[in-house]
Each structure stands twice: as C-alpha cells, then as structure tokens.
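Right after this note come the structures.
What follows is chain A paired twice: with chain B in the first complex and chain C in the second.
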Partner chain A sequence: MGANIYKNKKPLVFFLLPAFLFMIIYLYYPFFRNILNSFMKIRQLGTAAKGFNEPWFSNYVKMVTDKNMHTALLNTLIMMLVTLMFQVGTAIVLAVLVDNIGRGSRFFRTVYFFPIVISATALGLLFNLIFLYDKGMINQLLEKLGADGLTDWKAKGIALVTMMFPVVWQYVGFYFVILITGLNNIPEDLYEVASIDGATRWQRVRFITLPLLRNVICTCAVLGVTGALKVFDLPWVMFPKGMPLNSTWLTGTYMYYQTMEAKDVDYGSAIAVAIVVLGIITSKVVNKVFKEADY
Partner chain B sequence: MKKRVLSALFCSVIGVSMIAGSAVTALAEGVELDVVTTFAGEDSNAKNYQEGIAAYEENSGNTVNDNSATSDETFKTTVVSDFEMDAEPDVLFFFTGADANSFIEAGKVISIEDIRAEYPDYASNMDDAKLPVSLVDGKAYAVPTNGYWEAMFVNTRVLEAAGVEIPGDDYTWEQFLADGAKIKEAGYTPVAAALGNIPHYWWEYSIFNNQTDLAVHTDIEAAAADPSAWIAGMEDVKEMYEAGMFPENTLSATDDETFQLFTQDKAAFLLDGSWKVGGIAGACQSDPEDPSTLDTEELDKYDVTVVPSKGNARKATDLIGGFSMGYYITAKAWEDPEKREAAVDFVNQMTSDDMIVKFAQHSANPLKEAPEADTSGMNGLQEKAIAFGARVTSYTGAAQDNFQGECRVPTFDGMPSIVTGEVSAEDAVAEGFEIYAEITAE
Partner chain C sequence: MKRNKVTPGTIIIYAVLIFWALTTIYPIFWVIMNSFKAKDKIMTDSFALPMGKLFTTANYRTAFDRLNIFGAYRNSLIISCSVAAVVILLAGMASFALVRYQFRLRGLMMSLVVAGMMFPVFSTIIPVYQMENSWGITASKSLLLNLLCVILPQIAGNLSFAIVVLTGYIKSLPIELEEAAYMEGSTAFQTFFQVVVPLTKPSFATVAIFSFLWSYNDLFTQMFFLRNQKYWAITRLMQMLTSKEGTNYGLMASTVSLVVIPVIILYIFLQKYIIKGMTAGAIKG
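Moving on to the complex of A and B:
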C-alpha cells in the first residue's frame, strides 16, 4: 500500500499543471503571437492589426537593409566579446587574487558583488552623472588636473566605450561569486603538494587553479554571452534612442524603440523574433566552443 | 429539535441580511462614473481636479471612480487598448490629435454637436471656434479646460552679461542669429536644446516660420504635396547647429542636461511650452515640491518672449498653441440611460467658468467670456506669462500632433543626422511623408 503512493504519479501532474498553464498563457502564447504579429500591420500598441504586410515577410526584408539594425547587431556582438574578455576575464583575475589573500577575502567578496544588487536603472542614472558633460565627475576631475575644455563622453566616437564600461562593471561581481565558489571546491592538498614540489604561486594558478576551474569558466562564458543579448535597461537609460547619431543601438534597445517610440509594432515584433533566433544560434555556438570537460 | 432551532435561526439571519442589503441598495443614490484623465502625479492641476471631483460628488450624489494617470506613452497605449477591448471609461480627458483617431473612427465617443442636440447647454460657455476638432471627421468631440503655448524663455542674466536686449515683438531671424553669435562670443550657449533627445520645439517653429500661409500649417496632406516649408525649416535648424547656437553636446545630451545649462546661467534661450513655467519655478525652489521655498530673486532672472520670425506669413507674436486635450463622453456612457446625464453634468461642472480659470492658470482658456484671472497666488514668472499672453497675435496648432508615430522618425529622431549633413533635409522630409502616405492608405 505504502509503495503505491510513490508509484502513483498522477498527483504530480496536478501540481505541475498551474505552472504549465502559466507558461502557456504568459510565455508560449505571446511568443507565437509575436511571430504572427511580425507579419502583420500594427501601427500603435493596443490597436488591432490591419491585415498582413505586403509582402507578408516585408519586415524581415527591411531588417536586412536597415542600417540601424546592422549597428545594433554589430554592437551586440561587440558587447558579447567585451563581456567575455572583460567581465569574465576580470572576474577570474579578481577571484584568484581574493582566493590567494588570507585575510579580508570576505570583505572583497561583498565589495565586488555589491553592484549586482543595485538596479540597472539606478546605475544608469549614476553613470550619467559620472560622465555628465557639464560638471560631471570625470570632467570635474580632469578640470582639476588642468585639462583644457570639457570632454563629451557620449560623443559618437567614444559613446560605445562609455556605454559598455558600466555594463561590464556591474556584472563582474556575478561571475566573481560563481568563480569563487568553484575555487572553494579545489582541494587544498593539491596546492600543498605543489608547494612542497617547489611550484611558485603563478605556477600553482597556471597548472592547478585554471585547469580545475575550466568547467566553471565555461559556465560563466555561456551565461555572459547569452546575457549580453539581453542587456537593455542600463544602455537605454544612458543612451536613449541610440544616441548619438544612431551609434549605440543594441538589439534589445532597438526593438524597444521601434515598438514603444516609433510605434512600428510589427517591425518591433520582427526584431524580437530575430533576437530569439540570434540567442538560440549563439548559445549553441558558445556551448560547442566552451564544452565542459569530463574529469 | 436542536437542529430545527438552528436552521430557523440561520434562515432568519439570512432573511434579515437580505432585507438589510436591499435597504442599503435602496438608500444608495446616484450612479458611479468611471473617469480617466491626465490630472495625476506632478500635473499642476492634479489638486484642482481632485477638488473638482469632491465638489461634483457632493453636489450630485454620484460617485467618481477616478483612474487618472500621468500623461505618457504608456497612458496613451492603455487608453487606446481599453477602447479596443470595450473597457473604456465613461468620461475621458485625452488628446484631440492623431492619438484619438482610432476610437473616433470606431464611433466610441460622442460629438459635442450630438450631445447638444439633447442637452443644449452642454459646453455652452465655450468659444466654439476654440474647440479642437477631430482629424477624422472635422467634428468637435472634446471640451478643453486649458490651452498651451510654445514660446521662448530667456535667462536675462546671460543676456545682460552678453550685452543683448530681451527680444521684442518684432524680433527677426537675422537678429536672432546675430544675438546668438554675440552670446557665444561672450562664452555662453545661445540656445539650450538637446537635438538628439527633444528636437520637437525647434522642429515645429522652424517649419511654422517658413509657411507662407499659417492656416495650412497643420495640414499634413498640403505639406506632403508641397514640402518646401518643411525642408526649409530643417535647413534652418541645420544653419543654427552649424552656427554653434546649440550646446556643444546637443546631439548626445538629454533635455534635462540642457535645461540645467539654462537654469545655471550658461544658456540664454529655451524654446518650450507653457508647462515649463512650473518647471522653471521648481528649479528655483530649495524643495521642488514646496512652492513656499521659492527663491523669488532667482526666478526674476527669467522672462518669456516671442520666437524670432523669418518674415514670411508668421509674425514673431504668432505662436504655436491652442487646445490639444479635452473631456470626451464615451458612447458607452451615452447609451446607458443612468449614466448619460451624470456624464454630461460631470463635464459641465469640470468645465464651468470658475474651474476653467483655475485650470488655465497662466495659459490660454477656451471660454467665450473669460473672467479676469486671479493672480494673487501666482509667482513672478506666471505673472510675466500672463502679460506675455496679451501680446500674442494668434495661436496655431502643432503640426506634429497630426504627424505621429513612424512618420516622425526621419525628421525627429533623425534630426542629428540632418544637422550633421549625414542625411539631406529633403530626403528626411520625403521619407517621413512616404511613411505618412503608407499609414493613411491603410
């Protein structure tokens, strides 16, 4: 009798059903509806579609020729690379350094993790003040150091760097915590044996820490690259409407702009579909490149 | 036995509660009106509106379910989708331009003419010539409370430092460019504007300035047929940009940043709407929420004046302005015999002479016979704005209200590309009209 309780799986279905229905209503239905919308004429949010576009795939043709979409795709790819190199890279360096100091490691863990808990919108406003043209923190500092004139940190040539710096800075702590957890799982004995054999500190990192951290680094890389596709709030707060001169578009900000500002809802839907396709392709490629090793 | 007593008791309790319930229903008088407006949040009339509702409820015995929200794109979308889903309110205070087209086309609001056929006194205190008409059928649907104007605010401290006079009523474009050069030479920014963020005001006036007939300014079809005024307007903004009239970072700055240049005595002119009077006063208060903390000496440095004229049909005192919002009565309320009269009474009370004077403050009002404005509680800039209003020779609606959504993109968001020469004014204007033609053909 008692064993039958565990064999009967029907109650499990009952408990899974609410979540399943929730996902159907709020994720899968809107997703498929969005694909359909990308073929239709919708001129304002909240209004019904006025039939299909002519030809029905015209939004996808437009996307191929749209210069801003090209900029958005290119910037998103740059964002992925920057994420890999600087977010994950900086996190590895910091994690190894903190792991090697005896005292104060807890303090540094908190310090590096802290930006994660601040909302991206608040950070965007904060960095707006830091990079402000007139009396911004950096320009004031440069003025004190004797610089002539003010620097426009949001001007076309430098805007992308100004945008990516806070995004990278914000998420370093996230990967740092994941890597620190990975470092804690490496047995202390290995380091002791290596020390007895005369290995230097760098050699211990190079031949013990990094190889044993490989799988964790791979996970961070996958999370970082796929996360770069979704970056939206901080860039939008700092550089709304792809300012300046359409040079800072990302796929997420461009989709939002087309839907909410330009009111081209069907084109916004088509961009959303492109983002999903790009996300699937990227995660497949990244999973292949950063394949976890079996030990 | 015990069970019988209990069931008898239970039945009597239910019976008594039903009688009591129906008595309560019978006692409740009046109807419930669902009302949506933009008088919420930081709107300067939010308090006046709440007082108006309280007075209406007291006088009529009706109840108002107020769902007002701050006016932004989300608000517009919510209103439009509520109409789509038959969940519209009974009374709505909303825009009268292209934003209202969808629910007017669907016949979901009642025209003033139709309401007057049954209630001849409806909005009878209004000057009918000032009632905004729909782009769909040319009929008036909304009863406005207060108007707006767009004009040039000046920082007199900067003008004084640069040796420039406050522009007079005959201010010309050439004088403006010459003053700009003088101000720049003195180390100040002539015009506070963020072309990459809010080019709206200069977009509007630059086109308005080049019209040869002011009456066609809001006629988009006419402009599409002959876009010369629009192209010349975009070229004028480019000329200003090339002359260094705007802040160095005008393409990457936000509107807040450039407004700060104006309030910190670094820029001389600011082209903006009558609503900015409150924003400027707020910048002179140590607590922006508390008008009693106003630094009157600081506020005295501001004035409001005309926008330079290019000598075409427009005089410097001809302004962009008018009435772009008003109270609509929806078909849903009109067709409900209980709500029809309540809705008409509500709009009549909220647009009475007293209420209009209260709401209009320093901006224009739509009344036939406007009583003298009570300036006792007004600050110095509001008083200057009222005095300035008396100098205005005409108000013309904004063309951008009829040219919305995607068609604006090439010249609004594309303004930085136009002024830097990446895209020609001609191409940008043509692209906007192409999209407009596509949308109107649907």
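Moving on to the complex of A and C:
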C-alpha cells in the first residue's frame, strides 16, 4: 500500500524515531533493567545498584519464605477468580440481556461504562464512606432495614470482600462494552432461523449467542486476569499497608510497600518480576482453558 | 432487535438492567449529595436530599481553605494535557510511517508496539526512577521538572495503545488523497500534516481523551515522583486525605465531588470517543 508515493525512505527516521526512542528508553530498557535489579543490591530508590546480592537470587529465596508475599499471591489469585466469575460473568449476563431488549441499550451502555472513567483513588475514598463503620451508607441502610448492631466491613474476615467489591464493580462496564460489540457482530438471521424452528429465548442464548461469543469471552477473560494483577490505586486507598493485620496485600500494593515504605528496593524489583511472570502464566492458562472449552 | 412485546420476561430483564444502572449511578449521586451536608449529618441522615436546614457549603469552603485544590488541578492539567498532546503527535507520526511505508523492520517494530502494551507499570517504575534521578530531574526545586518526571513515563505508557488505535484508523483512509498531494509536489511531511492529520481527527480525539483520562486518574506514578506537597496533582492530594484527614468525612465527600464532577461533564459530552478508545486497544486481540 502506498509503495509508489512513499518510495523515498528518508523521512522514516523522522516519523519513527521519537516514538520508538520513548518506548525503548521508558519501557524496554527499564523492563530488562528491572530484572537485573532484582538480583542486585540497591540501597535507595534513586541510587544505582552496588554489585550482586549474595547469593544473587537471594530476593527470590526471601519471596518464597515471606508470609506477606504468600498472602499477596493468594489474594491476587482470588482476585483473578473473582474477576472471572463476577466481573466477566456479570458483564456477560448484562450484555445478553441488553441484546434482548429493544429500547434503551445506548443508555445502559453509557451508564454501565461510567465508573471506569472515574479515578480509582476517588472511588476508594467514596467506598470508604460507603463502608464506614460508624456509619456509612451500607450500615445506615442496614439499620433502616432493622439490623441491630453495626457491621465492621474492614474487619479481618470480610476485608477482602470489601476490597474486591468496588474493583469488580468498577470494570464490569468495560467487559460489557466489549461483549456488546461482539454481540452486534452475530448475524440476525441466525436468531430468526432459530425462532422459526421454535427455539425459546433461553435456547437462542445458550446455543447461538454463547458459542459464537466464545472468542470475545476469552479476550475478556485474559484482560480480566491481567487487569487483576495491575490493581493498585483502589486497594491502596481503602486498605493501605495490607490493613487489617497484613491480610489484604495484593502483589501490586506489596511491591509498592516494599519499594517505597520498607525501602527494600531490590526486593520490590523482584516482586515486580514475579508480577510479570504471574501475568504471562495466567494469561496462557486462561487462553488454553477458554479456547478449548466446548459448548 | 425488535422482536418482542411486553412480556413478564421483558419486565424482569429491564428490572435487572435498571438495578445495575442504579449501582453505577447512585454511589456518585450519594457522595455529591452528601458533600452539601454537615459532617455529622452524613453519618446519620445520608439518604435525605440536602435541602433546607441540611444544606451547607461548609465542606467546600474547608476544601478550598485547607487544601491547595486549584494548585493540584493546575498540576494535573499540565501533566495530562502534555501527555495527551505528545502522545497524539508521536503516535500519529509513527502510525503514519508504519502504515504507509514498506521497510524491512516494519514487522518487528509493530510487534514491539504491541508487546509494549503488556508491561505492567510495576515492572518499569524503579529503573525509570533511577534513570531520571541520574539525570537530576527528580525531587528538584522546579515545578515543571517535577511534573516532567511524571509526564515522560506516562507518555511512554500510552504510546503503544495509541499506535495500535491510530494504525487501524489510518489503514482505512483512502490513499488517493495522498497521491493527489504527491502529484502536486507535496513532501511526505506536508502530506502527513496537511492531508493525513486532518482526516485522522476523530481517532486523534479518541486517543487524546483516553490518554488524558488515564493520566489524570493514575495514582501510582504520581506517588513515585511527586514527593513534595507543592507539586501534588489531584489524585495524589486525594490519597493524602485518607491518611491525614481520615475522619473529616465532609471534606472527603466534597473533594471527591470536586475531582469527579469535571470528569462526569467530560464523559457526558465525549462518551462516544471515550468508550471507543477504552475498548479499541483491547479488542484487536
């Protein structure tokens, strides 16, 4: 395409160099440098590394024995599962329902997508107010409904639920929009033929919509699990430093804590490497599971 | 799809859909409503509309007295506008070259772009900090240098997505216009800035709005680079509220409203571009 008028290759450097310099300096170099950093001694965030750790893999040994890291990994895996089940799940239900109605689909699309544009920090503050012990929105509502006593939504047993609920809630609309786009690509005739053959509404969903949507659902699932790894702002605002009692760490918040608060910069780098590895493994697994699933 | 009359099924469907719509709208409405009430009334009477005696603007006065809201807004705007502007310029040029020119490294460069979307910010932030520190631009006394520390990594973080969206769009443009310009002796630069850029405007809008919002909402990078309170942008300011003013719920409600309302207005007017942009990067698969 365009080969004839764009034969002179000299302008290429001018067009490509700035963007690619940026990406190499700010993405590719730091990415590999970070892997190297995770084996080295770094005293302070700003300073350069001073030689290798002894043994060089000591940060990874530490990670294996670090109880908080176990919590963070476990919570992150739970977060991924919750994301798949409730975030993508809710989005599928909502998308199929919207696809089945005549009026208002544009309205629902706008409204469902809306929380995504709000900063997670603001939502963290907002949900702090909603889940406030004495007394936020939920506890006031429960009181009105006749519950006696207040529920501490940030207590140890339930903290994880309180943290994940807003995260899941915020991104449902994102998957909803992706799925709706996929649904619009399914040809209308298929439904018509099915209707003539006497298929009920549920059968049309079960045997036409879901199978044809499989690849889109797979994309959503991959985005969901990798997205769960990137969560930071909202948990950090609602449950800073793994509160209560180190029970709400996620890999992202724990990486930040180790780097900025505990000042163990090279350990922070190692956790970042673990996040990348976890991301690669889980997205491969999800791809395999969803691509081979049979309806 | 207009194939059904009003059946009980349809009513249930609407009920479910409206329920979820309420969960997305009501919390925001609730916090804005409560930002106009006294602190103790939020704790006892949070579902009432702020009318008559309940209504007060005290929380907003506190917010503007005690927090440097305008300063933080200004810093946020400088950061996010610069990010959006540089991203569309650089990504636009790169996308044009990647689509229209045939050259040996093209495939490799395209994969570099796509792979660039996969890096979580956690995995690059520490070396970026070291690098900027060695250039002497972190923790300096100059406001602009401090903001620049946030701007540069955010530009890089948005380029990949922007190039993916823009190459998709430029590919669909008819080449005849560019050929006509070439016939009239236009150079590649002129063709790009005078023919391609005007045609790509809708896609530029999508990319610019997306980059702006992403940067405006990103707390993590700001936590790393904006240490001094003078240089804080708006999300960093909010984060501080939870630790320093943890019990002043009225102030929290008013600050959240102040941050959220501009975004809501932006969203209402630009939602077409925003929704397209947020999902375009993802769908290409």
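Assume the second predicted complex is superposed on the first by the 271 of 295 C-alpha atoms of A that agree within 3 Å, B and C clash if a C-alpha of one lies under 4 Å from a C-alpha of the other, contacts with A are read in each partner's own complex, and residues count from 1 in each chain.
We take it that a contact is a pair of C-beta atoms (placed from the backbone, for glycine too) under 8 Å apart; a residue touches a chain by one contact, two chains touch by 3 or more.
These numbers were taken from a predicted model, which means no experiment stands behind them.
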item	value
Three-chain arrangement built on chain A, chain B and chain C clash or fit	clash
Which of chain B and chain C A:P187 touches, first, second, both or neither	neither
Which of chain B and chain C A:D264 touches, first, second, both or neither	first
Touched partner set for A:D134, first chain B, second chain C, both or neither	both
Which of chain B and chain C A:T47 touches, first, second, both or neither	both
Which of chain B and chain C A:P55 touches, first, second, both or neither	neither
First (chain B), second (chain C), both or neither touched by A:A155	first
Partner chain in contact with A:P211 - chain B first, chain C second, else both or neither	neither
Which superposed partner A:P240 touches (first chain B, second chain C, both, neither)	both
More chain A residues in contact [chain B versus chain C]	C
Common ground on chain A, meaning residues reached by chain C in one complex and by chain B in the other	45-48, 128, 132, 134, 240, 260
Contacting residues of chain B [partner chain A, same complex]	73, 77-78, 80-82, 84, 102, 196-197, 247-249, 251-254, 257, 260-261, 264, 266, 404-406, 409, 413, 416-417, 420, 422, 439, 442
Footprint of chain A on chain C - complex, ascending	1-4, 9-10, 13-14, 16-17, 20-21, 23-25, 27-28, 30-31, 34, 42-44, 46-47, 90-91, 93-94, 96-103, 109, 112-113, 116, 118-131, 133-134, 138-139, 152-153, 155-157, 159-160, 163, 171, 175, 178-179, 182, 187-189, 192, 213, 216-220, 223-224, 235, 238-239, 241-243, 249, 252-253, 255-256, 259-260, 263-264, 266-267, 271, 274-275, 278-279, 282-283, 285
Contact footprint of chain B on chain A as seen in their complex	41, 43-48, 50, 128, 132-134, 150, 152, 154-156, 159, 240-241, 243-246, 260-264
Residues of chain A defined as touching chain C within the complex	1-6, 8-9, 11-12, 14-16, 18-20, 22-23, 25-31, 33-34, 37, 42, 45-48, 90, 93-94, 97-102, 104, 107-122, 124-130, 132, 134-137, 140-141, 144, 169, 172-174, 177-178, 181, 188, 191, 195, 201, 215, 219, 223, 226, 229-230, 232-233, 236-237, 240, 251-252, 255-256, 259-260, 265, 268-269, 271-273, 275-276, 279
